[in-house]
Structures are given as C-alpha cells and as structure tokens.
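Look for subunit A in each of the two complexes below; its partner is subunit B in the first and subunit C in the second.
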Partner chain A sequence: MANRQDGSSSIFRAPQFIRRLFDHFPLITYPVDPPPMSAQELAMTTRQLQAFHSSGVNTLYIFTEDSDSDQVASFNPACLKWQTYLKIRGINFTTIPSNNHASPSGSLPFLTVSPPSSSSSERQRIQRTVIPVAKLAQWVEDNAPGTVNTVDTEGADYRAFLSLVEGAVRDAWLYALYIDPINLSNITIPKYTSTTPLWPITHFLGNQMRQAAIDSIKKSTSSESTLPTGEEIYTKANEAFSALSTLLNSTGNTWFFGADEAGMFDASVFAYTYLILSLEISGSGEVLVESLYKFKNLVEHSERIRRRWFS
Partner chain B sequence: MTPIELHVWNRAFGLPSLDPECLAAIAFLSSAIPQDLWVLVESNNISVSPNGALPALKDGSQWIGGFDAIVSYLNSKSSGGSDIDRNLSELQKAQALAYRSFIRKTCLPITSLSLYVTSKNWINVTRPLYSTFLQFPIQYEIPHTHHARAIALTSHLTSLIREIAAEDSRPLQPVSTSFAGITTTDKSKSQDKEKITTRVRLRNLLADFLDPIWEKLAGNNYFFGGNSPTTIDCLLVGYLSLLICPNLPSAWAREILQQEFSEIVAYNEGLKLACFQSGITYKHPEENDKLTLTTWTKRAIENSPQTWGLSDGIPLNQEGYEARTTAFWVAVQGIVGLAATVGSVLTYRSLTTEGTVEVELKEETAGKKVYSAVKGSVGDVEGTETTNHESEKERLPIFRAEDMLGL
Partner chain C sequence: MAAGGSGDVFDILKGASSPDAVANRQAAQKAYDEAISMKAQRRAAETIQEHSSQPVYFDSITILGAPRTRRSFLERLVKPALDRSDQGDFTLKDALRELSKAINGLQHFEIFQPNIPFYIDTPTDYSYDPKTPNNPIPLSAVIKVKEKGRVLLKSGTDLGNTEGSAYVQGTVRNVFGGAEFLHVSASKGTRTRSAYDATFTTPINSSPLAAIELKGLSTARDNAHSGHSELSNGFIGTVRWATPAYKLKQSISYEGLWRTLTSLHDDTSDPVRRDAGDSMKSAITHLLTRDTRDNPILPSSGTLLRLRNSIAGIGPLKGTVAHWRSEAESALAYPLFKGVTVSSSVRGGILYPLTLSGDAGPKPSTIADRFHIGGANDVRGFQTGGLGPHSGKDSLGGDAYVAGSLGLLFPFPRVGTDSRLRFQAFINGGRLLALERPPDVQDMNIAQGMKYTISRLLTEAPSLAAGVGIVYGHPVARFELNFCLPIGVRGTYGEEGAERARKGLQFGVGVEFS
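And then the complex of A and B:
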C-alpha cells in the first residue's frame, strides 16, 4: 500500500503480477539497422568495405533509371534539384536508384557518406552516416568547397520567387504528369514502378500517386478556388514562367539573382524546366511545354545546366 | 448602368469580411474604381461563383470568381483604366506575382491557425460568429467546411497546435497528471519555460511571413513605394487585418505583431483607412443569388459524390465540373428509375406470386374438378365457362394481372 501515495483509485493500477510480467518486455532489443547498402557492398568483406568507404565516395539515393552512368538525371523534381545542386557544388557522389521505402526519413533523396577517418572502432568505420534531405543543405555547406554563389537564401525576393516555383509551377507539373491520364499511364507509372512492374501493383500505386497529386493541388489552390481546373493551373504556370523569365532577364540572363555561379535557386528551376522539356509530355501537358518554350532565356538556362553537369 | 456587385463573406471583427481574399477584393475595388460603380453584397453563397469560392464579381449576367480573376477582368474591361499596377516596371510586376503566391502560401496557414485551429478562438469567437449570419441548418455545415479546410492547411504545424492547446488548457493539467500517477516537480517553472518556447515558435512562424514583407516595405507607405496602393497592398491588407483586428481570447498573433512588427501594424492601419473606411455601399443579394435552403441543399447533393470520395479529380476546364454535375444528375435519375423499375417488378411479382399460391391452394381443394374443366375447355366452351365462374368465385378477392388482359 506504500506505493499508493497519490491517492488515486487502485482500479486504474494493474495488479502487481501483471506489472512484473510486463517488466520483462521487450524480451530482445535488436541492434539498429544499418543504412541501406547495395548488393555489391553487402557482398564485400569488412576489409573491402573499409577500403570502399575510405575512398570517400558518397552515395545519393534518388528516383532514377537503373543505369551505370551517373550523368542520368532523376525524373523526380525534388531528387533532381539535389542531384543538380550537389553537382554544382562539386561534390563527388554516385547515384543509386531507390524508392522512398528505403529512406530512413520516408522521402527521397538522401545521401550516405563515409564517416570521417578519425573514428576509431572498426564497427563505426563501416557504418555510413545518413544525411536526410532536411539536413542536406547544411551538410553541403560544411563539406563542399566554397562557392561564388552568394545569393541570400533568406532574402525576400528569393523566398517569394521560390514560392512561385513550388506553387504554380509544381501544380502544373503535378497536373500534367499525375492527373492527365495519358501521361500518368505512359510516363509516371512506368517510371515509378519500374522495380515492380506487376499489373495490380502498378495500378494501385498509380491511383495513390494520382490521389496524392489531387490533394496537393487542392491544398495549394484552396485560398482562391475550391474548383480548380487544369486550364487555370496551366495559365498560372505560364504567368509564373513569365515572371521567372523577367527575373532572369533583369540580371543578365546567366544565373538567377545575378550570381557568378549557379546556386540553389537555379537547381530548383532546372529541376522542373529540364523535366518539362525532356520528358515528351503529351496530352493536356503539351500546353505546359509550349508555354515554357515561349520563354527563350529559361530554355537556355536549362540547357546551360544540362550541358555543364549532365552530359 | 447598374453597378457591378462584389459578393463576399459576411462582415466580422470590425472588417467588411471574414475572409482574407474577400477583404483583398474589397480593398482592390475601393482603390481601383469609383465608389458609385460597385456595391458590396454579403451573399455568403459560394454557389454563385464559377470557381466555388468567394469573392465573386457579378457584372450583368457575367460571373467572375477569385481575386486574381477579378483583378484581370476589371483591368481588361476598363482597358487598363482601373489597373492600379500600371506604373510598375516589368520586374516589379513579376515580383508582384511572386509575392501574391508567397503571401498566400505563408500567411493563410497563420490566419487559419489563429482564427480556426486555435481551439479557444474557434470555440469562443469564430464558430459562434457564423451562427449570427447563417440560418438554421446551414450554420452547421459552412463553418464545419471552413474549419476542416483550416485544419488541412495547418497539417504541417501539428506539434505547434498541440503546444497552444496545452498552454490554453493549463488548469486541467494537474488533474490529468495526478490521475496518471505522475508527479511533476517544479511545475510552474517548467510551464513557464514551455510557454516561452511556444511563443518563440509562434514568433518564428510569423517572422517567416513578415520578415520578407518588412524588408520590402522598408518604411514606405506602400509595398512598391509610390503614392497609391497596388494589388499586393490589397492582398496584404486582407491577410494582415485578419491577424491584427480580431479580438481573440488567445491573441498571440496580434500580440506578437504589436510587440515586434509595429511598423507592419502601422502600415496595415494606413491601408485599412484608405481601403475599408470610404463608405462602402451595401446591397441585398438578388433573389437568385441568395443563400437559401434550396440552393444549399441542391449544392450539397451535387457535391455528395466528392464528399463521399466517390468521384474526385480535377477536370481540365469548367465544363468538366458541369459535365460531372450533369453526369451526377443523370446517374441519380438512372438510379431512381432503376429503383422504381425493380420496385414495381418486385411489387408485381409479390402480388402475383401470392395470387398463384392462393390459387394453387384453392385448386388443390377444388381438386379434380378444375383439372377436368381445363381439359374440357378444348371442346366444350360452355362447360369451361361455368367451371371458371365457379373457381373465380372461390379465389376472389385476389387480384391477378392476367385477368386484366381480357382472357
């Protein structure tokens, strides 16, 4: 009775034998799972793995086609943005096709890096550190060689124009690739389900992706309209391209915000413009491709990044 | 010439509307066109708007929905005469577009959090507010829809919402902890600390939106300098007023703004005087545009497939929604028709089967006689008639549809 000082009713306390029984749980605590590895890495011996990792190769896990070449661009704008940015900042990495089930945070991309060579124990040396997407920018700042792009990412105009890319341009991208039935079945589903091309799975995944896109667009347009239409979404994207084109034009047409070298904003814009121009979008999405082609400097900007980092 | 009508959500908090986009549209009309050319209609009826949201503009028989569409419609109608952005450079126009998207994306979650999701404010102020201007069954549905939308918009702020709720319900805390058998030491101190961290997080949330605005304003009266408001000023006054003006029980938004962003509060006061105080003409909605139980019910029924998640999607154009509504009514007619057919067949069947069963029973009791009578009917007409009469007498009053066919 001594343990009932608080005076609360004993009905809510479990009998002692049950409490004792449950004290034994969990019976076994498994060690933390190692970050995902390729089959090649799994087959290696500890010594080989050590050598492999100390060579300083970082691995970026993204949605991408299964290919040996690291020059292949991801077909997912969020992944492509980081892939491009890492290349711009001169970071040495290989890409591995993956999907979000592999990611510790549930979303791609993520980077695994070798631990610094100073770490002592052997176990630590073969364990790789995972950098999720939220911490990627900071990791790049800490580990990449310096950059001449000194655009303030907290600046007012930077954030305003970024919201335009992540708003109007993204909505149009989602509409063209996920909601338009032609592109959904010809481009999106085959690309995202290439690892499990079995009929019912592709069908359900396709429906899930489409529903997610619908929810995302509805949320993004809910301030103005509860009945958004594809045409409105494409018109807004056209206005957004026009504004981005004016912005690029106002500072000499090379990189955004007049920087001497490409930066994060250039990577964000490229992630959409490159994919819109290169994916052979048909159906209603042709409107989007045509409206982007009207803005020559955006097309050239995209081409400039592609030639330098993806060829 | 009849003045154009601007349909908006009801006035509230000393402002002409409770919705930021409606406030922005009011601010735009008062700065862009003369006062006698437009009237404000508090119709609260979203079914008048082609894009399903207010504000909506009614020009004769034409309807335009949404702030952006209203601005561009009036600009093209007056061939630039009412374009309050005409003095801006190309780059400033591009910036204006970018800031429109920035304001909506960052500020809408904040106003939603303050007015709808902070439960103290929702229960004590915003929720009762809807009952003051909506009639009986509708006053439950519309605020619910707005509340649900606000929750969806603030889904990325769940931990902050929990912190605000915990802070607001502080007196309940000791009861629940003692119930769970947990004793907290130094309660008041940790609570104070919690309160400070919540405040800091709310401040950072507001700063995400206000720092860039403050940076661009740089002490000017208007967003792009100059002597008159532009569309960005109109949008800002709509969103900022809803953070500053309402008198709420959990007034974190107003307090933080007044303490740390006094320049923005002053900017908003100036704009409010210019845009909202200049004697707006009000008008009652016309009979067709009124929010009545009938229009509301019709809309609710039409939307029911979406509400139940049966049909979802975003059609390419407005006709897509109309086609969907038509398809829905065709389907309803089809279902009703099918149900009626099946129903009548079943009724018929049940009635007729009952009849046969009855007859069979009778026939059994009548036994051989009927059998022979039928047999006899091949040659002997008279005999059949008489026996038929007999059996008919016996099976009355059961209705048989065959009898109506004249046999």
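And then the complex of A and C:
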C-alpha cells in the first residue's frame, strides 16, 4: 500500500537544534480516541461489538440491499460471482452494502482484511488492507484452504466458454436490465439507488447506468455505431446457454468441466443464471428467462449452488 | 519692427500655453472654486442650522437619473420620509434626517454610484408669506442618482481559506429594476477543484435590510485530509434580515444538496470507504450573527457571537441523512495598551443523529456531515482536520467538539498600529469526539451516547498547540505565518488513529480566523 508523504516531522531538513527542540514536543501524549461508529456497530450490543471487533472479519463490499445477512445474494453479477466464489472456498467474511465510488478500481466488489501481523493486544485500532478485485483470486489462493477444483483456467476451452458468459450472456443481461425501460425503472434503478431513492438522483443515475450499459454492449459486440437489436442479443444468449448446457451435460452434470467441487467457472455462470431466474424480469427480458428455463441442467446447477451456499 | 511686435505676441501666447502656466492657472481656479463652494456650503449649513426647527413638509421628492429602476421600488424607498412628513410636526431637521435615511437605503443596494447628491428647494409656485412664519414650508427635494453599469464581468485570482483559485464572474445589476442581482461564477482552485454557481438576490419589499437569495451550485472539493473528493450539486434558498445598524444579522435557509464522495485514494481508510457514494441532504438552517468588532479581519475591539442550527432529514424534509447540527461561536477582541490587543475565541458544536422519515431508528453520522477541526486558520499547530478521530491518514471527523484560542497581537516596531502588520503569540486547542458508547451500557441509544460523549468532551484535557508569528490583515483576507509547537496531542506520530499535529512553520490565508 502506497504511503502518502505529508509527515509533520519531515517537512524539511531542519537544523540540529530545531530537530532537538521538535523532539521534545508534544509535551503530553494522550491515548487516541475511537473512530466513529458504523450503522452496524450502532445497532449492536456492547457484547456483540466486542465479538465483532475481536473476530477481525474480512468484509466484502458489494451491491446488496441488506447488510445484516451475508446469505443474501448480491443483485450485481460481478459481485455475486465473487461472493459465491469466496463461499465456495470457505472464506469467512461479512458483506457490506456499497457502491462503485468506494472501490479502488472504480467498480465493486473489493475485500478489506485485517493485516495478518495484527496482534489482539492492540485492540481494534489497526488499519485494514484493501484487496481490489484484480488481486482477489490471488488473495484467495494465499488464504483459503486448498481446493479440489483443479480446472485449468488457462486452457483454450475454459477461456472460450468463459467468453460466452462474459460476452453473450452478459450483453443479454445488460440489455434486459438496463436498456429495457420496464426493468430499468422497476428493478435496476430501485436496487442501485436504494440508499438515495430520491428524484432527481434516481433519474440522473438511471441515465448514467443505461448509457454505460449501451457503451459496454457496443464494445463487447464490436459495433461502434449502432446497438444490436434485443432480438439479436437474446438469440446469441440462447446459443450461449445451449453451449454451456452441452458442456455441463458432457462432464457429468454436477460442476462444469467435471470438477469434484464448484469453482470459479461455476460461480461465474451462477452469477447470471441465478439472477436471471430470480429477479422477476419482465418486458423484453422475458425472452431471456424463458430461453434459460429450456436448459434444465443449467437451472439445476443454479439451484444446487443456491441451496448449498445461499440458504 | 513688425517682426518684433508679433514676436512679443507669440511669446505671450507661447507662455500662456506652457504646461506650467496652464497648471498654475487651473490650480488657482480650482482653489478659488473650492473656496467659493466651501463658503456656499458653510452658508447653507448656517442657514439650515438657523432654521432647523422651521416647520416644513415634503411637497415632492424626485429621484433623477434612474431610468432602469422601477418607480414602485423607488416609491417604497421614499415612502417613509413622505409618511413622516404627512404626520405633521415636521421640521427642517427631520426632513434632512429622513432624506439621508432614504439615500443611505439607496446606496446600500449597490445599484447606484456612491456619494448621491440631493437638493432642497421650495416649489416654484410657492411664495413665502412673512406674516405667517410658523406655517409649514413646502419642500421639493431632488435626489440625483447615477445608475451603475448593468453588466459586470470579472476574472481574477483569489486566496481564500487555505486555498488559491482562479475565477470568472458575471453580475447583472438591477435585473428587473428593483435592485435584483443575478450573479454567475465559475472557479477552479487548489482545494475546491471546481465551483459553478448562479445566485439571484432580491430585496424584500424594497428594504435594504431584508433579502431573498436563490442559489444553484455545483462544486467539486478535494478533501485530501480525509482521502476523498466531494461533489455537491444542489439548491440553496435563503431569507436574510438585519437590524438597521447591521450588527445583528439573521437568516433562514433551505438547502437540498446531492453529495457524492468519490475519487478515494489507494490508501483511504475503511471508515471513509464505508461512507463513499451518494447522499442527499435536505436541511433547514437558522443562522444568527451579532458582530460588533471594529474590523473582522484584524479586530482590535468588539465581540462576535454566531449561532448556527440546522435540522436535516426529518418529516417532510426527506433526504437520506437526518440530524440536528448545532454550532455556537463567540470571539472577543480587547485593546490593552499601546496598540497591544487580546483576542480570544470559544466555539463548539454537536451533531445529533435523528430518525429519517420512514426509518426505524437513527443512523450514525457520515464523514460529509461531521465536524473537522484543525488547520492554519482554525486550530493552529495542527494539520487541516488534524484533531479528533483518525484512521490511516484520514481525518474521520467527530460528532461533538469544543475549540478555543487565546492570543496577543503586538504592533510591529517602528511601523506602529496604523499598519496592518502585527506580531502574535497564541495558544489554541480543541477536542473533537465521535459519538461514543458509554462503557457500562449494553443497548445504546443516541441520547445516552451523546451525553457520555459531551461529558468526555468537557472533562478531559483538550489537545493544545502554541506558537508565535506574523499577521498581515489585508482588507480582503488575513495572512499568518506562525511557528507552532504542539503541546498536547492524542497518539504518537504514525500510530493508527493519532491526531496530526504540525511542528514548525505554518502559513494560513483566510477570511475567517478563529
């Protein structure tokens, strides 16, 4: 972590006597004061609070409406993917509702952890370390018990199938949730602006999100000028579901690539399938929901993960 | 011969047009004119003095030179003078006083050039009857104004509270002919990264003492001491009024501000990350200021009292934050001897969380609403926001504070008290605490917490710093260069949560110093 240099004792190379004088000040040092309480801490009893501080838990900052339970799945696929993966890997963490402004990378999720060197004698006053999403996979490898999922994430197959999820499925998700006006105003805006549910903030942020989705789809489909039609996007998503269904079917129908335990790929697929199936998408997005329901093994895969880690 | 004669004429002519002679003649003419005018003035003053108890009444008051100002607006301004005259028992002295009141009012609006002249005469059809000297004499008064330019464009650089900025401003005076102002400005600065605002001001009922101000603003502020930037977009509507001598000013304002805490640093602390993102403050604020100081920048006598109370988020106010924020400030300047003055100030504030309409209970404050104290023109000897709870390099702010200062200002040797330079010696300090849970309580409520926090605030020693320095009281801002040493500080340098003191030289520029 970078250190900002604005130290009061190192402003310039002061003469010897000045430095000796400075060493005597301050004359008195008092103990530091506690930081302001979070909403979570305010609601706790003193005993709960002590337990909370001594546990030194990892905190995952995600889009979520409910802070009390980390069993609640995030409504954002990128966040849900990591929330699921951390659970699969047996990482102990709590979630906190947040937004992209809080993230060092500009988008959620990210994890904050207590540094491993922290000793309990210093009470809770240790600054926590931020793990941005780009470093999360490595952090999990370093901190989680070993996994039996040994899927080769560098293989050509893996990358091809992942690009179906991150391409065709994601585009369809963005189209259904951000560009379709019904879902934008009924699902997306209320969920993403739940902490500031006031006009005109909802209106501005809604427009911003919609524009970002349009830009993202254009970039993904390499169509700089015109946005593909909903029909084109949903057809491609249907093809992607079909390919994923075949892949899952060919390797035993439990976890992708025939692994003995769920892995990152399962989390990535679940992040979309679970949300598409559970968010009560209407409007043009109904086509997307219906096409996913046609692939029974993908629905069962989603349900398998939900039952095990989100119930 | 002829040549010689014409030569003389030329010499005279040449001499007459030589710059020296012209200047001499002009100076002589000016001195003569001045003497005449002085005499005339003295004679007029004597005449008025002699006849000051002469009963009179206003036959008319004419304001000349205000083609762009509404008649109804001007009528309301001179109405008090006419009303007073209509009541009877009105002398020449009263008439002059009422006129000068109206002129002061006119001047206050800043739509006319200063030094407004006026003339008093009797109506042309009036003839004085020496047989009835006690009959009121009709007066026709003429006030001659000159309207200032309608549009003013300005650009420049500014030194404000610990920041420098460049700005472009446009002002439209007297928009609808009733001393309304429209003011638009854009600025870029070191701390306030960018600021755009548009303000419309209008007097209430033509009164120079009361005004309505409507303001739309959009600012981006770098809160580097707390590891983030704050964007604010919104609207502020203010009604302000004052007592005639402008000693006591009050205002009530409504503000609706959409704030976004963004652009966090890589090492921004957890408690700041928690508060990042959007919030909406919808608040009503009452501000009362009583200022009797002779000079707010470099006071040598007088007192200041300021009370600010603000309620946000409850009932119909909505928004996303709910609190009562109350601050009190008092300052005193007292001349001792030989130009030495004592100045002291005490201030304090609390931020009391309230329940947002629709919520089950109160939520704790966020960094955008909490108090941050410390800095070159705040509590000296500490960095900006250097007091109170910290995490990493960030000032987290607090929910209750007290701060105070005691200083002595000495005139500079040889330059004396007329110059704006002073030496100063000061000791100042403060205490800033976040709302805290009493140690013996299981389920905390806000009132218990606030009571406990305030009791700690008032019983424990404050963090202190002392120093000496030079002060320059420029008419628009105060400059200070101080050598400071911290005396009492919470936490050692580098410790998590420690306050951030500043040893050595500290430079401060600002309009408001405490």
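The definition used in the following text is that the second predicted complex is superposed on the first by the 241 of 311 C-alpha atoms of A that agree within 3 Å, B and C clash if a C-alpha of one lies under 4 Å from a C-alpha of the other, contacts with A are read in each partner's own complex, and residues count from 1 in each chain.
Note that in this section contacts are C-beta pairs under 8 Å (C-beta built on N, C-alpha and C of every residue); 3 or more make two chains touch, one makes a residue touch a chain.
Nothing here was measured: the structure is a model prediction, and the numbers come from that model.
> So, A:Ala137: does it touch subunit B (first), subunit C (second), both, or neither?
The answer is neither, since A:Ala137 touches no partner chain.
> Thinking of the overlay built on chain A, is A:Ser225 touched by subunit B (first), by subunit C (second), by both, or by neither?
So A:Ser225 only meets subunit B here.
> Considering only the touch criterion stated at the top, classify A:Leu164 as touching first (subunit B), second (subunit C), both, or neither.
first
> When the two structures are overlaid on chain A, which partner does A:Ser284 contact: first (subunit B), second (subunit C), both, or neither?
After superposing on A, A:Ser284 lies in contact with subunit B but is clear of subunit C.
> Per the contact definition in the header, classify A:Thr195: touching subunit B only (first), subunit C only (second), both, or neither.
second
> With the two structures laid over each other on chain A, which partner does A:Ile179 touch: subunit B (first), subunit C (second), both, or neither?
first
> Pick one for A:Leu205: touches subunit B only (first), subunit C only (second), both, or neither.
The second partner, subunit C, only.
> Count the residues of subunit A touched by subunit B and by subunit C, then name the partner with the higher count.
C
> Please identify the positions on subunit A that touch both subunit B and subunit C, taking each partner from its own complex.
6, 8
> Note which residues of subunit A are touching subunit C in the complex, please.
Of all residues in subunit A, those touching subunit C are 1-4, 6-9, 11, 14, 18, 21-22, 25-39, 41-42, 45-47, 49, 59, 61, 96, 98-102, 104, 112, 122, 125-128, 130, 193, 195-196, 198, 200-201, 205.
> Using the touch rule from the top, collect the residues of subunit A that touch subunit B in their complex.
6, 8, 12-13, 154-157, 159-161, 163-164, 166-168, 175, 179, 211, 214, 217-220, 222-233, 239-240, 242-244, 246-247, 250, 284
> Along subunit B, where are the residues that touch subunit A in the complex?
Subunit B reaches subunit A through residues 20-21, 46, 50-53, 65-68, 90-91, 93-95, 97-99, 101-102, 104-106, 108, 149, 152-153, 178-179, 181, 183, 211-213, 215-216, 312-318, 320-321.
> List the residues on subunit C that touch subunit A in their complex, please.
258, 260-262, 264-267, 269-271, 273-274, 276-280, 318-320, 363-365, 367, 370, 383, 388-393, 396-399, 433-437, 439, 441-444, 460-461, 463, 485-493, 495-505
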